[in-house]
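What follows is a group of structures, each given as structure tokens.
You will see two complexes here that share chain A, one where it goes with chain B and one where it goes with chain C.
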Partner chain A sequence: MNPYLLIVLLTSLGLGTALTLSSTHWLLAWLGLEVGTLAILPLMAQPHHPRATEAATKYFIVQATAAATLLFAAINNAWLQGHWDIQHMSHPLFTSMITLALLLKLGLAPMHTWMPEVIQGVSLNTGLIVSTWQKIAPFILLLQIKQIHPPLLTIIGLASILIGGWGGLNQTQLRKILAYSSIAHLGWMVLILQHSTALATFALLIYIFMTSATFITLKKCKATTINMLTTTWTKAPTITLVAPLMLLSLGGLPPLSGFAPKWFILQELTQQNFIPHASIAALAALLSLYYYLRLSYSITLSLSPNNLPECLQWRVNYPISTPLSSALPAALALTLFLLPLTPSALTLII
Partner chain B sequence: MTPIQMTFSTMFLLGLMGLTFHRTHLLSALLCLESMMLSLFLATSLWALQLSTINIATVPMLLLAFSACEASSGLALLVATARTHGSDHMQNLNLLQC
Partner chain C sequence: MSYLVCVLLFGLMVGSVGVASNPSPYFAAMGLVMVSGVGCGVLICFGGSFLPLVFFLIYLGGMMVVFAFSAALSAEPYPYGWGNRSVKMYVAAYVLGVGCAWKVLLGKWSGFWGGILDESGELLVLRGDMMGVAAMHDVGGWMLVLGGLGLLLTLFVVLELVRGVSRGGLRTV
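Right, the complex of A and B next:
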């Protein structure tokens, strides 16, 4: 892609999210969401391939519908209550409608079906943007509105944790697995959203670090299926060593930083006497852990059944430093070692 | 609920139902999206008329500009889909299913 065009598109992506984050008026929030959607479409449709076009079309239809529904609810709220403030919205029907529209934009459980298909159709770089940066704006809007029906978000959160686990079990495509893992993580955030917004923001932050590390690693390995991961040791031995730890951090195992949000969310839920919800969420995280373990098994713990010369690459890849690959060490460090720093990170957010 | 609000809500909901239930052509989906945006334009402009304030009168213009951008990228995607998949049938968009 033309670098000037790329700069314009990436700047508009940043502008859209910044506009949404800094607005108190529903119209400006909607404008920011639209700018973000319109800016990422050329990035998605840029490879001339039917899959990329299809992914861009699906993403466009879903995001445009969600944005229109959001604005419809905001206008109706303005007709009934006479103001456009995000934080003072209090009509029950239209608050629920806006919540559902934002959940559709995020890709949570009953409205999640676009997410694996879109991530599967785009390149790993664009998939990184879709599953991290594009989640920020709708999530912050979701944090700001007052929730009127508490069971709505609880049910949707639990359903997305379960579906994110179950959906990824049968997949061999890495990008679909990552999409389901993203659905499950967003389910955890939505589950805790109405009890503690600080914890939800913290979980989003950790999720962004972990997902960027995973996408950049896969980009480095040039892998899109599980089979292609088995020859990682010939391409990047260091990644072979670190990748299982990164995946277990996504799964939420103790000494790694992915454990922190799950730990605090479970603690908060138990403190507020939502013990069944906490149990279901903790047990459903095992489903996600299964496919992370399968990925780390095929990266590190097993050799591919090929004979040895076939595992080697035809050409030696000299390490080329791209901006993304130079961000890999930082993302990996944040993914693996953030747990001891959790108290100070939480005080930063609260 | 005033009659005006009733009217544009019905328009919007009809557009939304057309988008969700009538899934044969991509072009009809884009038309439904456009009708949803036009009903929103009607809603904001009537809101501005009813309040008769000048600072809310830019809202329908902004909305119309953005919905035009949205419609044009939708049409670009329609052309791209027609070139890669051969037609604009929604059933042809099945390459990425599980």
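Right, the complex of A and C next:
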């Protein structure tokens, strides 16, 4: 791709999200979402391959549908209520419609089917952008809407946690597993959204750190299937050591950062007397934990069934410093060690 | 007047069903032409004149011509018309759906007629839609600039995606 065009596209990718975040007007928010969607399409179709083109097409169709629904609801809301304010939506029909459109953009449970397909078709770098940066704008819009119909988000959140767990169980492709992991994490955020927006933001933040670390690690290992992970120890021994901890952090196990959002979400749900919801969410997280454990097993605890000399690399891979690989240590540190700093992190957000 | 609006709305439904029933893009373009033309007629009946004019010129004169051209360029050898079995099924389903909706909603939206574009109900020199356009350029000028930037970005994106013979997403051209 032409470097000038790449700069234009990456700038617009940032600009789109910034526009949405800084808007109080539905039209500007919609514009920002559209700019963000359009800017990433050539990046998705970047490895010139039918699969990438197909993924870009699917992404475009889904995001355009969601954006059109959002615009339709916003215009109808403006017609009936006479204003375009994001924070003062009060018509129940159009609030629900916009919520569903944003959930489609994020890829939550009944509307999640595009997510694994799209992530599977694009490269790991683009997959990183799609599953982190592209989630920010719709999620912040979702935070600002006053929810009128509480069961909607609860049902969708629980369904996403369950489906994110179940869907990933039978996958051997890493990008699909990561897509299902993303669905499950977003389910947690949506579940807590109407009880505490601060906790939802905190969960999104931690999710972005963890997912970035995972995608960069996989990029570093050049692995796209579970089988390819078994030779990681010859390529990057340090990553072999740390990767299980990173995956268990994604699964939400105690002394790691991934435990913090789940801990606080469960506590908040229990305090609000939503004990069945908390129990279902906690139990459904075990489904996700199963495939994280399987990945850790493939990376660290098992050897590839080849002859030992055959597994060794033929030449030494000198670490090439790309921007992404130099971000790996920071992302890993945030993924592993943030739990003791949680009080100050929460203070920042609240 | 009421009769004219009914005929136009009927045409709107027929056109929409014609597009939504998944015929080949070559034929669906005709449904789109019908929907947009008849839709302009409906807007005129409700008192707007400027908005339908702009819509007609830009949508039909600009976009539909390009769309029809592209559809003709990549025409399939055996296009699906409305006579094909799968398309016919969709047509039947949509007609049934429209019929049911009409049965359910009949009489509920009766206060809906008229006055959409001129909500003031007085006789003014400036029509509502023209005033709206003026207000949009006056108050919402920066929003239009941002929209223009978005369209410029779309141009670059489309050019990159359909780049050329071997590098683009399109195969046949």
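By our rule, the second predicted complex is superposed on the first by the 348 of 350 C-alpha atoms of A that agree within 3 Å, B and C clash if a C-alpha of one lies under 4 Å from a C-alpha of the other, contacts with A are read in each partner's own complex, and residues count from 1 in each chain.
In this section, a residue touches a chain if its C-beta (ideal position, glycine included) is under 8 Å from a C-beta of that chain, and two chains touch if they have at least 3 such contacts.
Worth saying up front: this structure is predicted, and the values here are computed from it rather than measured.
**Student:** If chain A is used to align the two complexes, do chain B and chain C fit next to each other or clash?
**Tutor:** Pair status: clash.
**Student:** After lining up the shared chain so the two structures overlap, which partner does A:176 touch, if you call chain B first and chain C second: first, second, both or neither?
**Tutor:** first
**Student:** Of the two partner chains, chain B (first) and chain C (second), which one does A:34 touch, if any: first, second, both, or neither?
**Tutor:** Once the two structures are laid over each other on A, A:34 reaches both partners.
**Student:** Does the superposition put A:1 against chain B (first), chain C (second), both, or neither?
**Tutor:** A:1: touches chain C, not chain B.
**Student:** Check whether A:53 is in contact with chain B, with chain C, with both or with neither, and answer first, second, both or neither.
**Tutor:** both
**Student:** With the two complexes superposed on chain A, say which partner A:121 touches: chain B (first), chain C (second), both, or neither.
**Tutor:** In the superposed model, A:121 contacts chain B only, not chain C.
**Student:** Tell me which partner A:45 touches in the superposition: chain B (first), chain C (second), both or neither.
**Tutor:** In the superposition, A:45 touches chain B and chain C alike.
**Student:** After the superposition on A, what does A:233 contact: first (chain B), second (chain C), both or neither?
**Tutor:** Touch status of A:233: no partner.
**Student:** Determine, under the contact definition given at the top, whether A:19 touches first (chain B), second (chain C), both, or neither.
**Tutor:** Second partner only.
**Student:** Does the superposition put A:61 against chain B (first), chain C (second), both, or neither?
**Tutor:** first
**Student:** In this superposition, which partner touches a larger number of chain A residues, chain B or chain C?
**Tutor:** B
**Student:** Tell me which of 5-13, 41-49, 95-103 or 131-139 in chain C produces the clash with chain B after alignment on chain A.
**Tutor:** So the stretch of chain C that bumps into chain B is 131-139.
**Student:** What is the shared patch of chain A, the residues that chain B and chain C both contact?
**Tutor:** Touching chain B and chain C on chain A: residues 27, 31, 34, 38, 41, 45, 48, 53, 56-57.
**Student:** Help me check something: in the complex, which residues belonging to chain A touch chain B?
**Tutor:** It comes out as residues 27, 31, 34, 38, 41, 45, 48-51, 53-58, 60-61, 64-65, 68-69, 71-72, 75-76, 78-80, 116-118, 120-121, 170-171, 176.
**Student:** State the interface residues of chain B toward chain A in the complex, per the touch definition above.
**Tutor:** Against chain A, the touching part of chain B is residues 1-2, 5, 8-9, 12, 16, 19, 26, 29, 33, 36-37, 39-40, 43-44, 47, 59, 62-63, 66, 69-70, 73-74, 77, 80-81, 84-85, 93, 95-98.
**Student:** What part of chain C is in contact with chain A in the complex they form?
**Tutor:** Spelled out, the residues of chain C in touch with chain A are 143, 146-147, 149-150, 153-154, 156-157, 160-161, 167, 169.
**Student:** Inside the complex, what are the residues of chain A that reach chain C?
**Tutor:** Contacts found on chain A: 1, 5, 8-9, 12, 19, 25, 27-28, 31, 34-35, 38-39, 41-42, 45, 48, 53, 56-57.
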